[in-house]
Each structure stands twice: as C-alpha cells, then as structure tokens.
Amino acid sequence: MELILIFLSAALVNNFVLAYFLGICPFIGVSNKLSSAFPMGLATTFVMVLTAIVTWLIYHLILVPYHVEYLEYVSFILVVAALVQFVEMVIKKVSQPLYRALGIFLPLITTNCAILGLALFIVLKDYSFVESLFFGVGAGTGFTLAISIMAGIREELDLADIPKSFRGAPITLIVAGLLALAFMGFAGMITV
Amino acid sequence: MKFNTFPGGVHPPEEKELSEHCAFERMPAPSMVVLPLSQHLGKQANPLVAKRAAVVQGEVIAEADGFISAPVHSPITGTVKSIGRESNSSGYMKEALVIVPAEAAEGEEIPDPVMMPPLNPDSATVEEIRARVKAAGIVGQGGAAFPTFVKLTPPEGKTIDTVILNGCECEPYLTRDDRFMLERPEAIVSGLKLIMRALGVSKGVIGIENNKPQAIASMEKAVATQNGLSVCALQTKYPQGAEKMLIKAVNGREVPPGRLPLDVGVVIQNIGTAVAIHDAVAKGEPSITAAVTVTGRGIRNPKNLIIPIGTPISDVIAFCGGLTDDAAKVVVGGPMMGVAQHDLNAPIMKATSGIVVLTHDEVRKQEETACLRCGKCVDACPLHLMPTRLARLAQLNMVEEAERLSITVCMECGSCAFTCPANIPLVQWLRLGKQRVIHLQRSRKNTAA
Amino acid sequence: MDLNILIAIATMGGLGFIFAGALAIADKKLRVEENPLIGQVNDVLPGANCGACGKAGCYDFAVNVVEGTMAPNGCPVGGQEVANDVAALLGIEAGEAVKIVARVLCRGGNIEAARKLVEYRGPQSCATMDLVSGGSKQCQYGCMGGGDCVDVCTFNAIHLNENGLPVVIDELCTGCGMCVKACPRSIIELHPADREVFVFCKSHDDPKTSKDVCEVACSGCGICARKSDGGVIIENGLAVIQWDNFDPDKIPFDKCKSSAICFLRDGFAEHQAEVAAAAAEMSPEQSN
Amino acid sequence: MSSVTVTEAPTGSELLLSTSPHLHSRWTTKQIMWFVVLALVPCVISAVVYFGFYQLVVVATAVVFAVGTEALIQSLMKKPVTVTDGSAVITGLLLGLIVPPNFSLVFTALGSVFSIAIGKMVFGGLGFNIFNPALVGRAFLQAAFPVAITTWTIPHFAVDAVSKATPLAALKFDHVATGLSPLFVGNVGGSLGETSAIAVLLGGIFLLVTGVANWRIPAAMITGVIVFGGGLWLLDPAAPDPVFHLFAGGFLFAAMFMATDMVTSPVTGTGMWIYGLGISLVLVLIRVYGGLPEGVMYSILFMNAFVPLINRYTQPRIFGEGQA
Amino acid sequence: MKTIVAMLVTLSLIGVVSGGGLAMLSSWADPLIAANKKADTERAIFLVQPSAKSYEKVEKVAFELYRVFDETKNPLGYALPWEGNGFQGKVRMMVGVSADLNTITAIEVLDQVETPGLGTKVTEEPFRKQFQGLVAVPQVDWVKGVPPTKENEIQTITGATISSKAIVGIVNDGLAHLRKDMAQGGAQ
Amino acid sequence: MKKQVSLSKEYAKGLWDQNPVFKQVLGMCPTLAVTVSAMNGIAMALATTFVLVFSSFIISLIRKLIPSQVRIASYIVIIATFVTIVDLVMRAQFPDLSKALGPYIPLIVVNCVILGRQEAFAAKNNPLRSVLDALGMGTGFMLALASLGGIREIIGSRTLLGMQVLPDAFEPWLVMILPAGAFLTLGLMMGFLNSLVERRKRRDEAAVLAQHMRTPAAAMLEGQEG
C-alpha cells in the first residue's frame, strides 16, 4: 500500500512538473506534438528508473560508508550523464526504429532536472531501494502524463486564434499555470 | 412502423407541398439553347459541328471523347450560332455550343427530329442496352451526372447482386422523382429491369422516403407482379438519397472510403435515369430533355417541367411566372447541395433536377460566430467525420492533418453547415480543404514518379 | 592530505575512469554509420539538448535539418551564427544574387473590373471565393481582392490598397514566394527587382469578353507583340513577355488601349492618382 | 459575359451568391447562450431567497466585470466586440453563482476579470479556451483568497447552526451528516447558486429538453458518482453515500452548467461519456480522500485538460472504414 | 586507441581534481555546517523553553530528546523534536513540555511544506501562542470556528483546519511516545 | 570563420537579444521555483552566474583537451563541482538563504542555460570572451528572475525585498506564491514583452511603408497593431 501511495503521490499529487517545477524545459520545449511528447515521457520514465537504481546504489554503497556525501551532486550527475549517453549508444546500435522512437530523446534527458531532482529526493526522503523504484516509476508517469496532456492541448491550440505575442512559450506557460491550478485539487490527498 | 435509415443526418424543412401536386408539363422550345460540352463527369465531349451549321433535333452534335464521357444531342432543330465559353450552371464559364431555332417562316420544311430506332424493352440484349444508353448520352440524374453507360459496364471480376433505384429525393423542395413515380411507374419498372438485365442482376430495390406515401403506393402496385423487385420505404432524413447512405439503409452494407457502390455489390441509379433508359430503349429518344422541379417561395408558379436541355434558366423562370419581389437566391439543384446562380443565362443541363428560388426571409443573413465545439456537426455528419475540425484545418492550411482525418471522404452533403449554430460555412472550407489535399496528393505522386 | 580527501579523489577518479572506459568501449563497438553531414551539423549546434527547437535534442534537430524537414535557423539558442554555419554546411547559401521580389500581375481592382450582379456571402478569402463561382468579380482570371497573399506574408511586405489590389513593398519582400503559392489565380510571380515592364493581366478571355469584364485587361490584340521582335508573344489570347529577348524600347506603350503592358512604377503612380480620386468619389456610397 | 439576350428575363441584380447548403437550422450561437442565461435564473432566485438581496449585487458585479473585460480586451486587440453573444454574461453568471454568500465584491470582480482575461481571451476568445472560464476564475479565487472563499454564511430559514459550513465540509471535518431534504430545497450552506437542487434541476432540465446541453455529460457524471461513490461507500460506510454525493455541494450545478459547457467538453458521444465518468471519478476521490471537502471544480478543470486527448482518441470511425 | 586513452585520462583527471577540491572544501565547510545545525537546534530549544538556561541531550531514549535546566541546573522540562504528516508533507517541530509532561511550554515549527500563506500560518505567532501553557492531559484537543473553552483546547486556523489538526496530532503523538518512554523509566 | 563581435556586445547580448529566460526559454525550473520573492530570485541568479562564469572559464581553458565523446560528461562534472562549492559555502556561511533556495541549488547543475553556454560558446571561444558571455547571460538571468520574483512578491505578499510596499487593505493574492502563480506570471510577462517588441517592429515597418508608398496603407498597418 505504501508503495502504491508513493507511486500515486509522485504521479499526481506531487507531480514533478506542476508542483515541483522539475523538468520544465522539455515540458515546454517538446510538448508541441503528441507524437514526440509521449515517447519523450517514456524515455524519461526509463531513465528515471535507471537513475533511481544506480544512484541509490552509489549513495548507499559508496558515499555513505565512506562519508563523502558531499560528492552527491558530482557523482550523481556523472553517472546520469554517462548512463544516458551509454544507453543512447546501445539503443542506436541495437534497434534503429527504437532509437528513432525513444533514443533521440535521451540526450535531452541529461539536462532534465527531473532526473537529478529524483535522485536527490530519494536521498532526502531516505527511501529504501524498492521505494526508490516505485518513486522513479511514479515520477516518470507523472511527467509523461503532464507532457502528454500539454501536447494534446497544444495541438488543439494550433487551431486557436491566440494573440500573436502569446503564441509559443507564453501560452504554454499559462496553460501550465491553469493545469497547476487544476492539480491543486489533489492537494492533501496523500501525504507521504 | 420502423423505417430503415443510417446514423447521423439532419431534418431540414421539406417544403415539398409547393410543387408535389403539379403534374409534369412540357416546356416549349426556347428562343435559343446553350449546350455545354461537359454536362457529365469525365472528359468533355468533342464538337462535331461547326459554326453556322444546321442541326436537327436529336442529331449528335458532340461525340463522347473517351470511356468516361457522353455525347451531346441537339434538343432543337436550328443553326449553330457560336462555339465558345458560356456561363454554366456550375458557376463557371465552360465551352458550349449555342443553337438558335430554325426559322420556319419562309415555308421551308423543318426536318423531322432524328430518333434512334425503338427496341423492345423486354427482349433487348445486354449489348443493345449498353450501346443504346451510351448513344443516347444518358447521364446519372442524381446530381453527379456520371455517364450511365459506364455504370452499366462493371469492370471484370466485380460481382453485383443488387440494383437500387434511388427514389428518396431527400433534397427539400424537389418533387421531380415523386412525380415520375406517380406518373410513370411502368417506365420506371421497365427501366429498372433494363438496368438489371444489363448487369445480370436479379434483385432490384426501389428506396423511397416515407414522406411520399403516394409514390410508395404507386410503386408497390407497379412491382407487385414483378419477380425480384421490391419497394423499400425509408425514414425521411437528409441525406438519405446519398449513395452510401441509401445502401446502408437498404441492405446494411457500408461502402469504404474511396470505393464505389459496386465494390459492395450494388449499383444505384436514379428514378429519372431509369425513365431515361426506358425512353431511350423503348422510344429511341436521346437525352435531350431534363425533368426539372421549378419551385420555392421566390417563384410565382411552381411547376414540374420537362425542359429541352440548353434552355436558359431565365426562360424557365419566365415560363413559371417569373420571380417574386422578395426572391433572393436562385439555386440550381436542391437547396442542400445545389449551386447558387450569379448569371441566369446559364442553361438547364442533362442532370439538372431542380431550380429552387429562395426568398430573403429564408436566406436571411446570419452572422458567422465562433465555433463553440458543440459537436452538432459531428453528430450530423453521415460519414462520421469531424467537420468543425476539418474546416478549421482547411482554413489554417494544415493540409496534412486534414488528410490524416480523412477530409477527402466528405461528400459535401451540407448536413454539418445546416446544423451549425455558429453559421460557419463548413462546406466551403471543407471543399477548399479537399481541393488542397488532392493537390498535395497529386504533387506527392508526381515527385514519387 | 587526510584519508577523506584520498577517498574523495579515489571515488571521483574511479567513477570517471569507469565511465570513460565504458563510453570508450561503447564508442568503439557500437559506432553506427550514418550520413556524415548529420554529425557535422550536430557539431556546430549548441549541443545544449534543451529542446527549445521543438525537437528531441540537437541530434534530432540535425537529422531533421539534413533531411530538409526543418529550416537551418530553427535553433533559438544558437541564433543567427549557428543558422549561418548550418546553412553553409548544407550548401543553402543565400548568396549575393539579384534581389527577387513578388509582382502582382493584375490591375483589375474594384474600380476597373466589372462585378457580378450578385452579393457574395461567405468567407472573404480568395481560396474560398474561388470555390463559389469565383467570387464577385466577372473576370475568372484576375485578382479577387480577398487578401490571401497579405495574410500569408510573414514579412508584412504585401498590402491591399484602397482599390482592393495587393501592393508589394520591395524593401520588405524577401522573395520567399509564399504569396505566389497562396494565390489561387496565380497572378503573383517572382521576378528580379530590376524588371520594370510587365503585362499586368492573366486573362485568357476572348477580346470581347475581356473588354466587357475589365477596363485594364489584355485583349490579346498583339500590337505589342508585332513590334517586339519576339520579346512578347501572344499565347491563348494573352500577351506574354519573353524575358530573354525582351527590349522595352521596342514596345509601343501608347498603343496599348488598356495599358495592360506598361512600366511598373510609371503606370502605377499615374494609376494610383486615378484610383485615389475614384475611391474618394465612391467611398460615401460604399460606406452606407 | 454571355452574349445571349433574353426578353422579359429576370435580371438577378439582387441575387445572393453563397455556397451550399442554402438552408440552415434555426439554432444560433446567440440563442444557445441566452437559453443558458435563462436556465440560470432559478439559481439566481434561490440565491437571493436563501442568502439575501446582496447576492444579486454579487452576481451583477461578476456579470458586469466579465462583459466589461471582454469588451475592453476585444477593443484593445482591435477585434470586433462580440459581448452581445452572451458568452461573457454566462461566464459572469456562473462565477457569481459559485462564490460563497456575501463574498467581497472586489474579489468577485477580480475573479471575473481573471476568468475572461486568462480563462478565455488569452486563448483567442470564445471557442478556443481549453478550460472552463468560470471555473478558472473560481480556482484562481480559491488559490488567491482561500480564507475568504471558504467562509460560509448561514442561509435564511436555517434549521440549525451546523448549516453554516457546507454539508460536505461538515461531513469531512466534523463528521456531521446533513439530511436530504434541506439539500434538495437548498436550505444549507454553500455557494450561491448550488445549494438548491430544485433550482438547479429546473434550469438543467430546461437545457436538456431544449437540447442546448448534451444529455450525455450529466448522465455520465451521475452514473459515475453513483458507481464510484457507491463503490467506495460499500467498501467503507464512513464515506458519504452516493445520494449524498449527488445532492451535496456543487455537483448538480456543475453537471448541468459547468461540465456541459460546449467549448470545453468533448465533441464526440463516446468522448462525452469518458469525460463525464472521469469527472465523477476524480470528484469522488477528492471528496473522499482529498484534503478539500469539495472537488467538483478541480475535477472538471482536470478533465478539461484531457478533452483534446479524448477528442483525438474517440474520433468516430469514418463511415465504411474497416469494411471489406 | 589514442582517443580511448585520452577519454580515460581526461575524465579521470577531472574526477580526481573535482573530488580532491571538494574534499578540501568540505573539510573547511563541514564543521561550519554542523555548527549551524547545532545553533538551529539550540535556538529552537530555547524558543520552546523560554526560561531555560542550559540543556543536555538525553542519550538513553530511542529518539532525539533534550532536557533543559534553569540557572541552578534544576530540570525544567524537555524539548522534543518530533515530526508527522501535515497537509502536503512532513512537518518537523520542536515541542517544549514541562518536567511532569502535563503542560506544554511552547512549540516551534522547524520544517514544513504547507500551503504558503495558509497552512504556513501554523508557524506564525497567533497560532503558536495558543500552545503556551496549554494543558496536555489527557491530550491536546482542538475546536473549530469558536474560541476554546477548555484549557487543553486550541482553535484551528480558518481555511487551514488540516494543517492545524496536523500540528495537534504531532504534539500528541510525540508526547505519547515520551510518556511511554518515561513510564518505562527510559528517560531517567 | 566567424565574424568577431566587439567584447561589449559579447556581454550585452545576454541582457535582451539572447536573454536566457525570455528569448531562449531555458533554465525554467529555477526561474519558476525560487522566485517567490525578489531576494530569492537574485540569490539564485547570483549562484547561477557564479557557476556559469567559473565553469565557462575552466571549460574554455581546457576546451581543446577534451575528447568529444566525454565532452558532456566532463562539462557536467565541472559544473557540478562548482555547484557543490556554492552549496557548501552557502550552507556554511548563509544557512538561511540555503534553506530558502533549498533543493534548487543542486539543480543548478542541470540548468540548461549553463550546459548550453558551455556547448554553444565556451567550447568554441577563448576564456575572456567566454567569461564575458557568461557574465552577460548571468545578468540576463538575474534581470528575469529579479523582475519575476519582484512581481510575485509584491502581489503575493505585499512586500518587495522584505519591505511592505502595499497597504494592509490590499489582500495578498496567495496564488502568486504558488506554482500556478509562477507559471501564469511568467507566461503573461513573456506575452507582454513580446507584444512590446511586436509593436516596435510594426512601427518600424510602418515607417518603411510610409516612405515607399504614397497611400494611406501605412496608416492602415499602424491600425493593426496590438
């Protein structure tokens, strides 16, 4: 039950994008078409899970035992960056279609603060290994949900008569603001 | 009683009472006729006569050019006055022959009309029927004016099991098919049997909307003694008479997008076409007249007329007592799919089914407002498209998205625009979108080749 | 140097070594052959993988640019410099060629062109008017005045004047050709900016019809063609300039009754005055 | 021009040229809008009856500011001013009816301005907004002035003091249930227009009968609340029962007037069902598990965001597609 | 091969320099950070036990607990850091309680993520003041909308009922644990 | 290959022409997250600028030594190192500020503005230019964050830099200090800034039009503004 709550909390109530402002750049940048937003969400979820696993191991097996917690950021980001690059290369080699669908989004994820944010949250909240996994999946789902909704809305807005100076980033931010207002309804639903 | 129909559609006011009681009248030959060379779908006919040539009623003056084409016969005896571009009831200038009647004043003998030899409708062979229909220049009377001969010559490998005669006349105002069914049930049945024989089909259905009880009774009586023929009463709903809708309602089959009725084993012919086929075979008459309902509150004396093709619309209107003072719009065809005229000198053509004159009251100007996404057009679309979105995509020139949403399936029946509370000219935008998508597809094909 | 520092050094050095090794091996073993141009374009891009272009990172952008589905200037981070570099790589050099501008080849405005005796109701866009018996002007070839060309111009280089005709502002026109594509009647063409004489008509109507429907239509009489030594030919009832051997000095401009063939600026200025006067007369009536 | 001359021919000089079809149904946007306005009148009356004349001022303020904002923005953007279509009036009315009794006029006006400016005009005006403007305004007020917007007044003829809190809040925070009949007539605490089920149903049925509102959405929402609310109630009897869900808070009002807003709801039939069921699922979750007593506003806003996706994936099968 | 060596050397070297540098920096910063943290706790202890002059950490209990003294080293009571769930997340607070565990001296909220401007009112003076001298037996209780009538009651904040109740809950929970521990004689 | 622009321009372009927030729409996370007050915004921008400047300097120094395959990994380690330095120093010296900016300090590492500038600029230019560019970007970032923070602080808590600037009668809009307020404020700000730019552009065009056309179409064009 606790695990499911962790998942739901990360996916809806404490949505990374709309409540914590994590991963805003891709949220605004890659949300103009559903056909690229959804794979982006999937790729992010994938990397999030991977990150959750690897950084948990590094933190609990190296940083804590040797009292070098201050290397948290440096080591986490190194791991994330290298991992993403590595996974990208593997996918590119293994399957061109999969690379076209998912792989091309991978470089973009290195600088997605949602990833590093996830790693730091896991440390901050002192999650166990399994909890970290669920948290990673939940956060990824929440990101996918938010970016897909946004892409759907933006495709709809392509047809709208939006004042010229509000097209693009401004209207996206405003929609994100209204979405954040709507997500406030979930406030207080789960406290984990 | 439950009548068959299709999902979607709209219920425009029927207004058939204006002319449904008027028996057909034959309109006298006009002071001149304008004969567009393209009165049908497909390739324009090839003129056979030169300027100043004398022609005789029934004479072929332009021959079919290619498989999908139809010849044109002179509806009157007279002289070719000119060959050039003339207004056409589609709204554009097209190649046409102008013929003025021969003057009989000087005691000269006016030659008799040239007719083809009559055949026995009960014994005519398949080849004879096809050849006669082709020679008579008969085109579909349903509006698209597709050369009928082509429809009677299905490609190899297609099996057809049903012929449906379209007696729906779902367009408001029009009563032409209704009158045919009341006045010439035998000709219709004979025409239907000729079609069935040409196609080797044993099942024939006449689909009629249930707002024409007399016509249903008349046709039921006519088919009572015939094997394989039946009358199917259908719910009154627009566009019940559209081919795909009619097939769906009559035998539940759906014609896939981009395919023809014959792909689901059905051939559809109009009531008027059946009459024309009967006349061509039994009487040897070529297609030189059109049966036209002239109606609407903007015309003084609504009538159902048999008119020589090529007669200017203005002559027809004058024959029906002229326009009333508040006439606002002259539509050739039905009010749902017809073409508004800007030049009343345009001629009656082979497939002209009606002239509807609407008054200012009926076409009062309604402001176009923003789309509320109420979904009424989505509900109304008989082809299950999303007209509002397609129209917007067309407007914004987002052609590929419109193509993805199957804009080319649209048949421009106008149900969406009829029902739209925001009064958006959806059909116009859809037509533009279709045009652009087709253009795109063509250029794509060109670059691929 | 206490132990802590050594541990830190060992940790980071170790991690760096391991991942560098992994990447090095991956780089060797997993290299995939691809269009080298993609890599070159990718190299000049900022590489921030920020997604601001709407693509999934710089590499995706590079692929799209090389495949031609995105413009070289699509990277908002790199700005003009990167755009130029990318364009240079792709060989889409703008160059210093003669400036190309759009020219509107119809002068049948609201005043010159006869109108149909009907009131058109519907969207005032040329593309849609063209579908309904061709809008409200009689001429089937001329400008409908719906302003589709104005709407598509992203440079604000084309405007409708009082006479309902589009006017190109050379300074702003980039010759992108959007208006050419937008015009359903194909009366806009791209020409080098230094061409001065045009036949301002596209009508293939017969002489009588063209005279009836428009004051400034070319009736295809051929006076200009006869004197031009092949610089002008008559095609299907319309004078067409053959730019290769066209010499304006040979054209008897005063013989053209409708001034369909004339100098761009001269004819324009003169005509503008007439139009303004006529418009001034007409406007009170129209405004009611 | 044709060279043919015809004697006694009609000239056609006054004829109209336009595309087919040449007939149009009687519905116009304006008519739809003003029908909705009419349907809201019973709610305005119930607000005045239960909470006093001042509420009329609140509603009027909301309407005036909504219409004013729309007119101002349209004229600033040099677009035609279309406030007579009644859509801004509806937004104002709806917003006025979902604020608590005796709400500050300044806040009401602010909410109206926000509704129209951010909820609607920024998207290009009527027909283009993604979220229901009135709810956007309400959500803004809720987030900006949470105390003021949850301060309730005792209705006239109140039976007991508990009625001061809304029935949902009373149940959630004080575990006090409210009887059905006060809920039905509206003699309970709550937002201006939503307390009286009778008034809401009166207007709602009018809209459904005239076909202005699509019946599928309220039907889906009511079904959803009974199924989801009932399910949770069976699992845990401490949760509110489905009938209470139905009549408490703004559910009915929202089902009739908010969720049925054409612009922000799906266009396809299947989509409408998904939308309605989605709203009630989120609503029941918020009411039972959330930190807030009422969630109908958030649940609709939440589902508004899904409408583009719903429309996309419930697109009807093109006629004949998938056939032989 | 050359690139591989270059890659290995570069990344390792950067790692080494970065690790070394940070280690040196942290050896300077760590004591300061620890001192800051200690100062924070100290400040909170004296806030919830205003009359205290010194304190000591109670070592024998399973949780963090401080005993406080007056000038003459007489035990005044305890300062108990405790945490629990608020409206949106964890709330960490310091509870001051008398030596007999029956009266609360004061409370202080250390960390919270409540709704700004609303739930965060629990950290403000008017709300906290209600706890000064509040009777905590059998437990702290709350009332809504009306002024408290009993001496173990506080009034919740309008619009932030859940946050207010969460504070009460955390105080009660912490005290309950403390009492249980006391009963077992752990804290003595 | 590239035209050398003047050094002052290298700095100034970050202020508006290539402003990281308003023009490049980068670094959104900290922009939105920490700007509940002007002070927080400024502090965050200072921290970011510090990291940006130093990492730009280091990277442009060693830019020729790093093999391209480990480019990103190397850059990000360097950046992360400086971020850790900032974090440690802040926690040691400014504990209150460190608390306010909370978890967003480490996220400077993944602020795309920083990595973006390394890749786009520092990796291709000499240290002097890189530092100037970084300073410019930092200043631009600061402008954006300070103004956004200022607006949110004034309306959301009646104060500016901690001092009350609006009367008590003004009920603060709590929404402004919530996530939704951040999105909305930035969206509206960007929209209005765009419309100002648009307006100026239109005016320039109208001037051209007026010069070259003797028709009132120019006036017409001016009328379309907004």
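Going in written order, the chains are labelled A, B, C, D, E and F, and every chain counts its residues from 1.
By our rule, a contact is a pair of C-beta atoms (placed from the backbone, for glycine too) under 8 Å apart; a residue touches a chain by one contact, two chains touch by 3 or more.
Keep in mind that what you see is a predicted model, and the values were worked out from it rather than measured.
Novice: Both chain A and chain E are touched by which chains?
Specialist: Neighbours common to chain A and chain E are C, D, F.
Novice: Would you identify the chain whose C-alpha centroid lies closest to the centroid of all protein C-alpha atoms displayed?
Specialist: D
Novice: Using each chain's Cα centroid, which is most distant from the centroid of chain F?
Specialist: Most remote chain from chain F, centroid-wise, comes out as B.
Novice: Quick check: more C-beta contact pairs at C-D or at A-D?
Specialist: Between the chain pairs C-D and A-D, A-D carries more contacts.
Novice: From the C-alpha centre of chain C to that of chain E, how far is it in Å?
Specialist: 68
Novice: Hey, how far is the Cα centre of chain A from the one of chain F, in Å?
Specialist: Taking the mean C-alpha position of each chain, the two centres sit 22 Å apart.
Novice: Nearest whole angstrom, what separates the Cα centre of chain B from the Cα centre of chain C?
Specialist: Centre-to-centre distance between chain B and chain C: 41 Å.
Novice: Return the residues of chain E touching two or more other chains; collapse runs of consecutive numbers into ranges.
Specialist: Where chain E meets two or more other chains at a single residue, that happens at 3, 7, 10-11, 14-15, 18-19, 22-23, 25-26, 29, 87-88, 115, 117-118, 162.
Novice: Going by the contact rule already set, what residues in chain C reach two or more other chains?
Specialist: 4, 7-8, 11-12, 15-16, 19-20, 23-24, 27, 48-50, 52, 116-118, 121-122, 128, 131-133, 209
Novice: Provide the list of chain B residues touching at least two other chains, using ranges where the numbers run on.
Specialist: Chain B, residues with two or more chain partners: 339-340, 342-343, 425, 428, 431.
Novice: Taking all chains into account, which pairs touch?
Specialist: Contact pairs between chains: A-B, A-C, A-D, A-E, A-F, B-C, B-D, C-D, C-E, C-F, D-E, D-F, E-F.
Novice: For the complex, give me every residue of chain A touching chain F.
Specialist: 18-25, 27-29, 70-74, 77-78, 81-82, 85, 107, 110-113, 115-117, 120-121, 124, 163-166, 169-174, 176-178, 180-181, 184
Novice: Quick check on the complex: what are the chain D residues that touch chain F?
Specialist: Going by the criterion above, the answer is residues 76-78, 107, 118, 122, 140, 143-146, 148.
Novice: Along chain C, where are the residues that touch chain F in the complex?
Specialist: By the definition above, chain C touches chain F via 12, 16, 19-20, 23-24, 27, 43, 46-50, 52, 76-79, 81-82, 85, 156, 159-162, 167, 169-172, 269, 272, 276.
Novice: Taking the touch rule as given, give the residues of chain D at its contact with chain C in the complex, in rising order.
Specialist: It comes out as residues 1, 3, 11-19.
Novice: Along chain A, where are the residues that touch chain D in the complex?
Specialist: 34, 148-149, 152-153, 155-157, 159-163, 166, 171, 174-175, 178-179, 181-190
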